[in-house]
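Several structures are given next for inspection.
Two complexes are shown next, each including subunit A; its partner changes from subunit B in the first to subunit C in the second.
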Partner chain A sequence: MTITVEGGGRVTGRHDPAAHPRRPRTSYVLFLLPGALAFLAVIVVPFLMNTYVGFTDWQGVGSPKWSGLANYRRLLDDSEFWASFRHSLFMVVAMAAVPTAVGLVLAAALFDYVGKHFGSRIVAVLRACFYLPQVLPIAVAGIVWSWILAPDNGSLNALLKAIGLGSWQQDWLGDPDIALYSVMGVMVWVQLGFPLVVFMAGLQRVDPQLYEAAELDGAGWWRRFWHITLPQIRPEINVVLTWCTIAALKVFGAVYVLTKGGPGGATDVPSYFSFTTFFEKTQVGYGATISTVLTVIILVLALAGLGLQTRAEDAEEGGRT
Partner chain B sequence: MTAAIRRWPVLVALCVAALFMVVPFLIVAVNAVKSPAEYSRNGPLSLPRGLYLDGLKDFWQRVDYGQKLVNSVLISGSVAVLAAVLSVLNAYAIGIGRIKGRTWVLAFFVLANVLPQEALVYPVYYLSKQAGLYDTRLSVIIVFTVIQAAFGTYLLSSVLGQFPREIIEAARIDGANKWQVLWRIVVPVSRPTIGVLLVFFFIWTWNEFLLPLVMLISNDNQTVSVALGVLQGQRLMDATMTNAAALLGVLPAIVFFLVFQRTLTRGIAVGAVK
Partner chain C sequence: MLTARRRVVTTAVVLAGSLLLTSCGGSDSGASDGRTLRLWHYEGPDSAMGAAWNEAIKEFEAKHPGVKVKFEEKGFEQIQKTAPMVLNSSDAPDIMEYNKGNATAGLLSKQGLLTDLTAEAAKRGWDKEIPAGVRTTSMYDTNGVMGSGKWYGVPNYAEYTMVFYNKDLFKKYGVAEPKTFDDLTSAMNRFVAKGITPLANAGAEYMAQQYLYQLALSRADRAWVDKYELYKGRNDFHDAAWTYAANTFADWVKKGWISKKSSGTKAEDAGVSFIQGKAPILFSGSWWYGRFKAENKFDWGTFLWPGSNLTLGSGGNLWVVPKGARNKNLAYDFIDITMSKKIQNLLGNKGGVPVAADPSAITDPRAKTLIDNFNTLSRRDGLAFYPDWPVAGFYDTLVSETQKLITGSEKPGDYLGNLQKAYDQGVPKQ
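Our next item is the complex of A and B:
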């Protein structure tokens, strides 16, 4: 995903209607018409249908039977759902917190150390290495990793044996105590490139004089990182955290391909849970409830993230003028 | 001197980290060209003795990989173009036309893009069955055109919002109508951003999993991602074939990466630094 930091409200600037009292505005609306109709058919109607179905008892055939809040009550008591939701929080750590933190340090090190002392070519090559997993279909990443992590003959276990750590061998994806952490590790690998590239782009915006002044004052690398890099690219950090958290809550393909939610539900997540409720258990009403709750959580987070962003930008602009 | 000594460990550490990122790709490539006998004798870490390509060939034929590639290219290509057109039309109305309530319209598009696909998947599945579009590539094209256009509208609107007004005013005075202004002036000037969108739409659609998994069940319609994901889920493959599958899945991604690297990183820069 890429993101614009720009808030929606400031996109088009101010317009004073009195200045052009007779210019017709309707004709521009015509350009929005195809998009609006397509959105109605593909997003709005299905979304409203899904919300409605969440209040019904429906197996996908016949007509849905209104059941009010029954599905929601069931959800509250459904330990399977809460377990899957808890795993979501682990995914937030693996896909948002860790990649952001590591990405920051890597981006700063690449920009500051390697870029200055070894040249931009090496930076470009290293950045490319970190970004590569991002262009891989998640299904393919899943194949690669489930084979690497396979219990017998998997590369990781073979490697551990080869370097004399045979006792560390594990059934990485098949052991309920470890599987979630293995999936988390894979997701860090998948996700790391995105914050790295965004942060490196952000760093190019920072005035080099800030660093030079700090260096003259005798500030070491960590101090400069803490007092210049971090505050300067805060907008990027906000954006990356918001979008990666949303991506973490939506994660589906990786779980499908790596573990199918197993073993014994140890790696189940809400999106996979709703998928199986829809298509394997054919409890469409309940599946719709789960996905509605997931949607609400994600929308609240997205709005909070966007709000935070606009407020930070406004504060910054206020400070400048 | 001491500074130089301190720099090297940082570089070495970064190189080791980078190596860790690409090792999975290398190990897949190495094992995809081993014979099953060699694999079971020497394990996954040994270098291949020769070039054994039967695994790749078997896998290609078994899943009809050529057809999957055609499907993926067809779906992703159509989505990229259609979503870019839709984004341009939407963003023209919002960014240049400054229609009333544009902030709300834009917020709506953003939310549509953020929405989890799980909240759409069953109704889309159901409606497409009713409309006779289920298990057609067209159904996936339509859905992803709209989802990608939501993001495109957001990005392009902010770019077009800063479009120099004088150029448009001048064209209007010369008698160009809105349609002509759009195609003769706005689109050519915004070509770099539209290019970025095309690349991202193509790759994102290529990588999509959930909706194509649900919508495309017959072998002739499946995309690369779905075909590989489903096979993996069934765990029917031996190690060599798994690697063949992985390598064939990785290769298009690497090709995109090499071809579009600059666009990809510039795209993220365009998006994030604005």
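Our next item is the complex of A and C:
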């Protein structure tokens, strides 16, 4: 741990009583206690119980039978799990990479172009429109999308037919070659508003003089975006990427409502796979193993994301001093 | 200062302790007072069963002055997913509706979470009223396998599958109403020639696998069903019946009798396409009967799958009495009322399939056909259960594998091979 003290010097792992007076620190710990205990009750204890169950053979009722690493060995050889994990990586593309990239361009365009030419009210309306899917419950959005994407009377196919592109009609959620991409498309729509709003907030704190100076120097929109917008809101990009990657790895609701992992497992993801193993197959021990592994993966990614962010912030602060 | 700090700590500990307790689910919901019957079921209030159970509650309260029925409406999924945990806690109701089958009621009975109802069934005569085919799902052995052993649940109704057809569409397109299997296939051919997909199907849910199982049943007998559902011998998915079913199903998709685009369709969509008069034929269960009766704007009829002695069906969901129920005698009284002629007749007239109704009291003509067909099936021991029953989680396997068969991404032989693998992995070792 690195602590910055007055005068700009850095002290590593050493306690400085003058910098932290005793009394306020003690009461601060006390105020943390209820939260910490609640965290223990609803996160740590269930997680430890889940980890334990992952080492057993259990149907959810009766006594669990200790089975050691058998579930983990089974997981390693389970092609269905690894297929679901591969689909998770597609979800990372749909829920983190694409929304971040598109969100960046859209945020910059709204902030830098639409704002200037059409006024802040139009920007606010557009931003709200992009954010709307984030407010809608996924169950509702999913059902509406399943109507839109329905093969026979879905509005997407009807629209394609109406504009003379009848040959492009597809069984969007029922064709194993297309279903995953359809779900990804829906998730891009769901997810886009979040990065957009975060990036627009980030852009508020960028010094407008930077843009003005660049504009005077003859830099076009794209150049200003690349050399000013991107570097200036890097902390926001890090936060969004970490957050969205975690959301992508644990995505469940959309798959449950849209496809139930089908057709033929083409859209299965680990959280849904774990759910069916738990409740449909009543293999609670194996289901717990899957969710333990998933939690560990998410935890590692979250910590790595936070680490990268801290390092970037440190580097930035170092650069400024 | 010290006192204040201690107070903060105490408050925090109490708060966290209560959170811990809540998360462990240990709340007590009232002692056995003999004056409350806690009842859970998941039938919609407008369904035949919902209406019958509501009447039964009124009847129960009239016969038990001072006793209140505390009914909690639950969702099917809710009960299905949480039953073991609820029954393991002190929150268990006195009586609840539960899904029948090895992976559900069988599993709970094996774990000792349900009350043995054998003595009550004999004492109150339920064992005589409920036909043999329906009774199969009431009884479970020590391994939780249905068909023999002790009574752990009582079904008051039955369900079975049939062919629903739109008489108006048949007339409009000059297609004769089918009497035999050949009639059915030639009718489907005629519809395809007119540009209409004849069979409503739902690949994302149970419907597709039920078509397939029905095709297998048309080449099977009771011993085949017992082998598959009750593990009496090794079930071979490459036998003649399964092979015929997979090949025929794939062939029907190729011929356009079943839409290639139905792999992602849900049962509700298929039902609605029939109600809207788009699909002329739908093969599904009696659970659609009430809905079709209320919503179909055309003349329609039903018949049993032609050329097959067996069809999908079973006793309905079960009344079970949790081991920890506090008012078991009241629960038995309630079951008894649901078995009474009055409630059974009401169930029949509302479009359900009662197990002990008085035939002369069923006045609705369609309901009469429904019950007559059930009696025909019952007489020939024709209820062959459902294809997803033998193995926990087999429903999902059947859905995803049959979807591949619909989209043509899997050949019938590979399809059957994958079913065999999943079945062998999940079938209980005895």
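Everything that follows uses one rule, which is that the second predicted complex is superposed on the first by the 290 of 321 C-alpha atoms of A that agree within 3 Å, B and C clash if a C-alpha of one lies under 4 Å from a C-alpha of the other, contacts with A are read in each partner's own complex, and residues count from 1 in each chain.
Criterion: a residue touches a chain if its C-beta (ideal position, glycine included) is under 8 Å from a C-beta of that chain, and two chains touch if they have at least 3 such contacts.
None of these values were measured; they are calculated from a predicted model.
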Which superposed partner A:Ser291 touches (first subunit B, second subunit C, both, neither): first
Which of subunit B and subunit C A:Ala179 touches, first, second, both or neither: second
Which of subunit B and subunit C A:Gly253 touches, first, second, both or neither: first
Touched partner set for A:Tyr131, first subunit B, second subunit C, both or neither: first
Subunit B or subunit C, by number of subunit A residues touched: B
Which of subunit B and subunit C A:Ala201 touches, first, second, both or neither: first
Subunit B versus subunit C as contact partner of A:Trp226, first or second or both or neither: neither
Partner chain in contact with A:Val239 - subunit B first, subunit C second, else both or neither: first
Partner chain in contact with A:Ser155 - subunit B first, subunit C second, else both or neither: first
Subunit B versus subunit C as contact partner of A:Gly60, first or second or both or neither: both
Set of subunit A residues, in rising order, touched by both subunit B and subunit C: 27, 30-31, 34, 38, 41-42, 45-46, 60, 146, 150, 260, 279
Subunit A contact footprint on subunit B (complex, rising order): 7, 10-11, 14-15, 17-19, 21-22, 24-25, 27-28, 39-40, 43-45, 86, 89-90, 92-100, 102-103, 105-112, 114-124, 126-127, 142-143, 145-147, 149-151, 153-155, 157-158, 161, 178, 182, 200, 203, 206-207, 209-210, 213-214, 224-226, 228-229, 232-233, 239, 242-243, 245-246, 249-250, 253-254, 256-257, 261, 264-265, 267-274
Contact footprint of subunit A on subunit C as seen in their complex: 5, 8-9, 11-13, 15-16, 19-20, 23, 80-81, 84-85, 87-88, 103, 107-108, 110-111, 113, 203-204, 259-266, 269, 273, 392-393, 395-396, 399-401, 403-404, 406-407, 409-410, 426
In the complex, subunit A residues that touch subunit B: 1-6, 8-9, 11-13, 15, 25, 27-32, 34-35, 38-39, 41-43, 45-47, 49-51, 53, 60, 106, 109-110, 113-114, 117-118, 122, 125-133, 135-140, 142-148, 150, 153-155, 158-159, 162, 189, 192-194, 197-198, 201-202, 204-205, 236, 239, 246, 249-250, 252-253, 256-257, 260, 270-271, 274-275, 278-279, 284, 287-288, 290-292, 294-295, 298-299, 302, 306
Contact footprint of subunit C on subunit A as seen in their complex: 26-27, 30-31, 33-34, 37-38, 40-42, 45-46, 59-62, 146, 150-152, 171-177, 179, 259-265, 276-277, 279-283
